[in-house]
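Both of the next two complexes hold chain A, though its partner changes from chain B to chain C.
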Partner chain A sequence: MKIKGLLIKLWAYMGIVIIFMVTVFFFAYIFLEGHSVISREFIFEAPSGMVLGSEGGIFPAITGSLAFTLTAVIIGSVPAVSTALYVVYFCKKSRMTELIHTVVQCFSGIPSIVLGLFSYSLFVRDLNFGRCILSGGIALGIMILPFIEVRAEKTFRELDPAMVRSAYALGCTKTHTIWTIVLPACRGELFSGIILGGCYAMGATAPMIFTGAVAYAGNPTSLFKPAMALPLHLYLLVAQGHTSLDMAYGTAFVMMAVILFSNILVTIYARRRHYTWNQQ
Partner chain B sequence: MTFFTMAVLAFVIIFILKEALPVFREVSLIEFIFGNEWMPVEGIGKGTHFGIFNFIAATVYVSFLAMLIAVSVGLGAAVYLSCVASSRARTFIYPFIDLLAGIPSVVYGFIGLNVLVRFFLKTGVHTGSCVLAAAIILSVMLLPYLVSSSSESLLKSRELYLKAGTALGVDKWYTIASVIIPASGKSLLRCMILAIGRAMGETMAVMMVIGNANLFPTLLGKSESIAAVIALEMGTAVNGSTHFHALYAAGLVLIVIMLAINFGVKNLIKKL
Partner chain C sequence: MESAIRTEDLCIVYGKKTVLQGITVDFPKNSITSIIGPSGCGKTTLLLSLDDMIREVPDAMVSGDVYIGKEKTSSMPQSELRRRVGLVFQTPVPFPFSVYDNLTYAPKYYGNRDRKNLDRIVREKLEMVGLYDEIKDDLWKSALKFSGGQQQRICIARALTADPDVLLLDEPCSALDIKSTSIIEETLKKLKEKYTIIIVTHNIAQARRLSDKVVFLKDGRLIEEGDAGTFFNSPEHPDTNDFLGGVYG
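So, the complex of A and B:
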């Protein structure tokens, strides 16, 4: 009896320590190996060199990734938030809710590479967009849709029902309540859900390998042109072998820095809101 | 807007189905799934073969192995988070775990290639890329999902039972081991299934460390997962060729496996 408890105790402590170590190791490894590459030229110049990327910088990849992420966030978050609103506030039949949940779950189960296949055949080939930011962005948008939907729905459900009920009691219509009470109150959580979704989209490579990202392109100027993207650039640098390994560390450094920064932002924002809520 | 969302999903599946079906005009379903020769482009007079059995086996093998590793670490951490950590500590640790979830899969693959593959090379595995390396990297990717979802369900049963256990004078850890974990068994199973789905669909990280050779997966041998085949060969497949459709069919098989596991376990849980 004592032993069983002890084993669990050991297991619990080991688990948490391993997770801590792994996370710290990942960030430390990339930051230590990558920081020497980072310079003003690396960030603000286009890649060059005999083997592409062995010299120069990654600026087009950064702007390209931004373009992809923005497109994906716009395409993914609007339907995601509306679906969540519908499920929580408008849907009356529990069977309908269940159906939507099942569909969303299936959605999140679709592997990202298959979304890439879908976007390739529909947008790149059939609608003749060609490889472009829009086709890639749509694939990414579909990918982050369930991610944002689940978070948004959770936020709406956790909102103090007293607030919504008082609004109804004062005679506000449902739409009015949503616009003036629900959405502003949930702004912070929605915002952080969308930021995290954006990070997810930024880091994903599989859906855009053959839908929008290319090995070399200038800064993105139009939605209908292909662009570079950080994760694909990293993958290509790695695939080229040891000549461009330093640059690969640098690219990974930039991506990890963006992830770290947005996560810290989201955490601080969420905590501050939490704090003000508790003070009231 | 909701119906739009629903319609998009139906559309995605119908589209994949439409692109996948032509392959079965040339290759029978049985041959496609259970064949293990994959020769998409006519080689030295051998003709073309489309059999994805090895890829399926590799996908399942890697995912389950990764799951096993992730559960053995993650469940412990979840127990810590739900039953030991104070709520202050929790607000600090959760963002930390989210951070792990935010790392792009390419970076996982990159680190796997530079750390794990090198390590395996030193220990004497040929070229270093192997199924085990892929499983380890994948398990780290699964950890955050597993920990955050399973600690949530453990937290619920802790609130139900821990105080009762303490009131009866039972050791806290013994209560956790013999009451709280079994009580949340069902929802833990559900968390694992969600994580398995993620593991199967993962492309980049696995592709970078698994070695990409059409072989039946063994622990220290190379192999290739379904997602990796699609990502690697889509660029070279001629539009409209059998090869092209075969890749869509492989994607379809991947979806079907995942949905089958998902719904199978859901029904199983209901029956238990």
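So, the complex of A and C:
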């Protein structure tokens, strides 16, 4: 029994060590391969060179990615949070809840390339939006919707139900309770889930290939124009072969840094928000 | 004695499980009625059905009627019903605001924005639960920073700010120590002069100390009800006898 306990402990510790080592190795490898190209010019200039991207920088890809992400976050988070609110606070039939969960799970299982194809057919072709930030943002928004919904629902369920019922017990409507108790209490975690969804969208390539991301464009100026995006730029650099591989690692490093920085910022915000709400 | 609230043939089913069957019971005005019975007998369900909170439970189906005075609660707007029937939960759950904001939450919802009026309500309700002198200098402090007993009294005061006729309490002392329990019991005894109080309790001694009337449930059925003296001293039903004698609980 004692040996069994030790083995389980060892297994758990090894898991942590392996995850930690893989993460450190991953970041270190990308940094070591790409740090030589990281410079002020690389961050703030547009790509150039005979083979596009072999010289210059990635600034339009950074701003384009941010534009796609912001659009996706707005489009994906509103229905995701409202679905979670419906499931937790309005849906009285457990069968309906199960149905919604099944639909959300099916949604999250759709391959991103299929989402891209669907968005291309509907938004780019049939609705005539063309390849633009909006079409790409919608495709990404659909992709992150289940991701945000699951987190939002978990956040709402973790809020003490007695607190919500106390507000109902005073005669307050659900809407009033949600505005004054639920959303302020869950703001940190909700924001965190939405930004993590944004990070997920920022790294996705497939839904944007057909819908809005292009090999070269200036900084985004309109929702109805195409833009560059970091993952597509990275894909194209790698596809060009050895000539642009350093630039590809540099791009990957910047992308990872943006995502990591957002994750850290969100974690700090969510913790502080949670603390502030509980200590008011 | 005139009844403040009354149920008639109340049945409650959760999915396929019947939790309450044909409960017809009166809760007299300006008195404390304790609902007692073994675990899972439907005490809390009965309590929650009185202010329609039972409808927040998924898959709950309700039949039968609840009356406040002569008015059927099913024909009242839910908000009005819950304003008239306050509810305090088992664990103290103040909102994570200041004491002042906790106590003005309901009045503000009902449109009372006058600062002097709100100040008066806060003072009056805290005095009712015997808390004003204790915390009058900390009204802007987070309600979460007070002791469990004080938090529960804040919750009782908050329930009173909506000006209810009936106050429901679901095992309000189960998470509290002896001293806090005794303070809350004293508070409830004072409050019954103005409000009708219905309390669910697991604690037979507490029911004996507090109650004017006792309702005993078992397996979702009303086994026996009556004034506290008769109920505890000479119960009629053998199940009541067994329960009071500690044969089951």
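Following the convention adopted for this analysis, the second predicted complex is superposed on the first by the 255 of 280 C-alpha atoms of A that agree within 3 Å, B and C clash if a C-alpha of one lies under 4 Å from a C-alpha of the other, contacts with A are read in each partner's own complex, and residues count from 1 in each chain.
Please note the rule applied: a contact is a pair of C-beta atoms (placed from the backbone, for glycine too) under 8 Å apart; a residue touches a chain by one contact, two chains touch by 3 or more.
None of these values were measured; they are calculated from a predicted model.
Visitor: Quick one: name whichever of chain B and chain C touches more residues of chain A.
Guide: B
Visitor: Between chain B (first) and chain C (second), which, if any, makes contact with A:15: first, second, both or neither?
Guide: So A:15 only meets chain B here.
Visitor: Under the touch definition given earlier, write down the residues of chain B that touch chain A in their complex.
Guide: So the residues of chain B touching chain A come out as 1-2, 4-6, 8-9, 12, 15-16, 19, 73-81, 83-84, 91, 93, 95-100, 102-107, 109-111, 113, 115, 140, 143, 147, 171-174, 176-178, 181, 197, 200-204, 208, 227, 230-231, 234-235, 239, 247-248, 251, 254-255, 258-259, 262.
Visitor: Would you pull the chain C residues touching chain A in the complex into a rising list?
Guide: For this pair, the touching residues of chain C are 15, 51, 53, 55-56, 58-59, 78-83, 86-91, 93, 95-98, 105-106, 109-110, 142, 144, 155, 158-159, 161-162.
Visitor: Considering only the defined contacts, which chain A positions touch chain B in the complex?
Guide: For this pair, the touching residues of chain A are 1-2, 4-9, 11-16, 18-20, 22-23, 26-27, 29-30, 78-80, 82-83, 86-87, 100, 103-118, 120-122, 125, 142, 145, 149, 196, 199-200, 202-206, 209-210, 230-232, 234-235, 238, 248, 252, 255-256, 259-260, 262-263, 266-267, 271.
Visitor: Tell me, which parts of chain A touch chain C in their complex?
Guide: 91-94, 97, 160, 162-163, 165-173, 176, 180-181, 185, 277-280
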